[in-house]
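One structure, as structure tokens, below. Some questions next.
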């Protein structure tokens, strides 16, 4: 967090530099089933963020010593591609992406019915193609859609969103400028149905009242993201059902 | 390739800076069986290039997951030692040597009767002791002699040579200056008996006519290198046969 | 070794900059059993050196291919923590610590009855918390106390000390300034009972006479260190015996 | 085999106790184990602290080096935090470069130090854009019995607080104490069987389903937070942990003198 | 088990079809799958292109950074090409530093770009010996269904062609388009059962015995070539592939607009 | 299987012979195998030597690069020694970064060169604090049949002695020979069954319980020493090896011409 900067990010009418109100999300677009090789996949756009998630598995657990005889392990790898940010990012994991991969893995492992697939690994690869603040939330949002697309049984989908503080106001879904010059950032992920928090981080400076307000804003926004996730899967299944007969025909031709 | 340089590398009589004609090879010296520990070995000098190759195997395949139940794998590692070039090369593989190792491995795997040795690895180590353009060809030439010296059954020996373009002329077996200031480089490896091409790369700028001419020059030169390879092995076996009784005696003394 | 420096490190009365005579050790403090997780541990202070050693094992040998079916292997890792020296040391092993780890491992493996624990590994971790010359000897001294604390049968404890040459005199137990500006350094480790040398290195410049004198000084000093080691273990066992009933009571309370 | 049986029994035991509102070592749910802080433990560091919380034993050192500032903060010193889970500290720690556990630990500690603006980094600038003090905070875990986050953070704060800027040794002028603006405290809770406990031991951590670390400043304001482990917290649990952290933080801060 | 049986059957099927002059997806031997090229896909890159050839999906970005030239080319910008076979793209791609496959891919693409002198690197020099533009071409394989060489090369050429030199953002003057001199095209053939096919799918690649990539310029001249896989080509096959590449290259070049 | 049986038999054989005062190859205990030294073997190096001791075959090269001195020795050139146990040299050598064996070898050779002050490093300073010659001594083991320490050290000394400072190629003036002050020699002994042997073969090394390397100068003074292997030496054995090294060192030094 840049701290108490003098940059004016919210105007006198409460409008943010990208035209949003303080409690308004950026445009969200979610698509399921966008890759062929992966067992499941999803594409998420939130504002200028572009994120892909791919699921492979359940499959043989590769670092053998990590196998769990009682359940599957969920290994999420979050990665930013080199040209997703303004300064070229050297390929390969950095400390930030290792931490994010860890906490998203933990969140996903909670919702997957891992007992169904002992000794296996369910691998989720999140690639941030274009970054504009909030990529870990976009990635987590994509990850659970991709898991559903892979047909892996889960307690529920997991939407995620960041809340923050800018010019002394609690605002929803920070963009890049707000993230750079803001005063606090609170990424969170929830199970909307139960109100359970699966991912929660915070950095910056918030009073307890502000934090409680942030939790409220985030909770509501997660419900919106959740609807977009479900809608993406509905569209995906619809397409599949329409495609199925066509595919059968093709197979006939070949046989 | 340095491209269309103004450096004059061929004089008006068609003579190159090291005194050769355009279709003339540098001096070649090949020796088989030059190391004790290795199961097979060879030393190749082409002009100022000095290259050693050592073969270990067939032996247990080390990265276990690379084992092939139906055949041996051939793993060639090409390496330049740190003081083989004018600027000190940091020890360890760089991207160039990884690529060269891959394509030489592929070429060698084609000629070895790998089905004879399922699950094993045949490891070939090429060390460039002194480099003066054409080291991958010298290394490949040494590798197949070392494989023969190790007694590993092969379809045939594999000679290799580079052809190139210098001062707008197609020339055989570039030296270092020609490589630095030349216009094209075409390393190639063949099975002379069948005319099959096992390794072929090109970079620079060649018309299709020039390329066809280069293939012709290279094909002929490979036959010359092939004779040197066979001669090295003949000398090696001769020495072995002369040595054999002496060795038997020594064993007697010890027993 | 800095070589023939003009820095005056011994005054006309034969007194060194820290007040010691040429054949005098720095203050030594040894404690056994200072860590809870480790199977055995020891803390050693020699002058301003502060060193911890921890023993884990005998336990499953981790790089599997290093397992010895006939005996345990002893793997010592010597490490300096980043702020143990005046310039921050980047965490992780450097070439110096790899060499020291190797020779301490070899010394320790000789005294441990490794045949008792086939296929296992006995791992010793030496962490130099604060360094002031002589850390490998302090580490080795700590290692054998920690091994004894872990209850691992050994031929004997192994004391270690460095002898050196400063201002053309052979002196015992160099401190940091003497190490920086001295003329020779001879770290050594022994089994005092048998007079066997387990670790011996030397760098600098010594005549054969000086070297013989150094060996004598070091041999005597090792006996002093040896007594401190035994004393630490005696104190440790005393404490253990006193603690034992108390611990039993606690267990009762919980049950 | 035997080992896992024992641990299964222990797990049950811990869970049963907790469901009765009790802990294995008899502490109240919001009670820390005994804490000791020994500063200036290492002379070769500019600042250092050895912190023990129960059997957890952490050594933190601060090294200060003259360097160049980042381009976007030309008038500020640099802070870098690193954690080493050395194999000495636990049979579960492995040699090698920092793994995800040590990286998470280092980054959570780093965020707490940074976001609380504990150090006045502008006072660590010697020449704008050219010369600043770089602070390397290195956390070594010597013995691991749970709650590394709080032990490491307490150690980092104590080490920084005790540090002296080595101006003289670098021929830059007179030494001065590290410019400190606040003393942030982190407080970590875990969830076990729907109960919340502070300062978990290693055994408790193994049974826990979720972890929440909250870093607060003197005003009780939030500066950093991290939820971890495979499990969920309710919003009420989150709020409860925050309130407890505010309260307990005040107590722990007194230990820093 | 089941998997390898299926693939054995598929292998036979592909080989039989090909020996009858047919392909699994009905294409002619010298026919490419549908190709789509979407440029300026990523705003944070100076140039970018997402290229799909059938189900093969590749994203290429160009980042330009101010740097110093190499000593032996003081008046030229720098070109660096890297390929990431990320695990997202295929179950056979593993995480970690570039392996021999991604290194070969990157180097073959790099040679084609470099030897065709596609970019006028002298126009990317700002101050001789001191300041030039460094071009980082990064190739990410999102979905892998064969013929990476051509997809990656097409992506790299399209991304470079679409790039704008970020002078303004670096306070160096006015932006200008990447100085392009030619549009090289690579064309890859494989040998299966002595037949030659262009644009192999992944299934076809698995059955292939040799691969040859030929990069040609607008004049049909050769700029780069790479033979791969464990197998041999006759001289006539090599010549045939070169001639086909010259012809097909002309067609593919039109896709670049 | 067969292999280890044979080696068990060989081990017994070697031990029995030695207990009778004999060696497998008939040498006396203090006798080296035939030694050959070929200098200037590699033109691209500033100095080089290929040294064979029996079947042990080592190639050492010296590269000299213009660089900056270390802050604490502003008027001295830099010496850096590295050993590569390349897989060509032995089935027991593995590819990859230097392991503990190659690091120990390089460091023992380095100490011998450095502590004997063989090179007059002050003569390799061109401008105090700014520009000095950096000497990279790289040791490649082409064939390993025991006693690497002595072969590598002999190679390093011979390569350095043959080196010419490349002033001209670096536009710094006229070339001159490496400024040499002394010719140190290392001599390595092993203990087998309480006997001491010089110049062990690989088979002898495998049976040995302790190793001692002693590096002496022209005066017979000690410059470096390293005890290795899992075994102990008596004080008398140590003294005996030192005395032998002084004597044998004189003989070996003659080989350097």
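The chains carry the letters A, B, C, D, E and F, assigned in the order they are written, with residues numbered from 1 in each.
The rule is short, and it goes like this: contacts are C-beta pairs under 8 Å (C-beta built on N, C-alpha and C of every residue); 3 or more make two chains touch, one makes a residue touch a chain.
Bear in mind the structure is a predicted one, so any value in this text is a computation, not a measurement.
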For this session: Count the smallest number of chain-to-chain hops linking chain A with chain F, moving only between touching chains.
Result: 3
Problem set entry | Smallest number of contact steps required from chain B to reach chain E | 1
Problem set entry | Set of chains whose contacts include both chain E and chain D | A
Exercise. Of the pairs C-D, C-F or B-F, which one shares over half of its contact pairs with B-E?
Worked result: C-F
Exercise. When the C-alpha atoms of chain A and chain D are each averaged to a single point, how far apart are the two points in Å?
Worked result: 28
For this session: Let me have the rounded angstrom distance from the C-alpha centre of chain B over to the C-alpha centre of chain C, please.
Result: 52
Exercise. Once you find the CA centre of chain A and the CA centre of chain E, what distance in Å lies between them?
Worked result: 31
For this session: Two or more other chains in contact with one residue: find those residues in chain D.
Result: none
Seminar exercise, completed: Expected list for chain B, residues touching two or more other chains, is none
Exercise. Considering only which chains touch which, how would you classify the arrangement: line, ring, star, complete or other?
Worked result: ring
For this session: Head round the ring from chain C, going the chain D way, and note every chain as it comes up.
Result: C, D, A, E, B, F
Problem set entry | Touch list for chain A against partner chain D, complex | 1, 3, 95-96, 98-99, 101-103, 106, 109-110, 186, 191, 194-208, 211-212, 215, 219
Seminar exercise, completed: chain A residues touching chain E in their complex are 35-38, 48, 50, 52, 54, 56, 59, 77, 79, 81-88, 91-92, 123, 125, 127, 129-131, 254
Seminar exercise, completed: chain E contacts chain B in the complex at 98, 100-101, 103-104, 106-107, 111, 114-115, 117, 212, 219-235, 238-239, 242-243, 246
For this session: Note which residues of chain D are touching chain C in the complex, please.
Result: 24, 41-45, 48, 55, 57, 59, 61-63, 65, 82, 84, 86-91, 95, 97, 136, 138, 140, 142-145
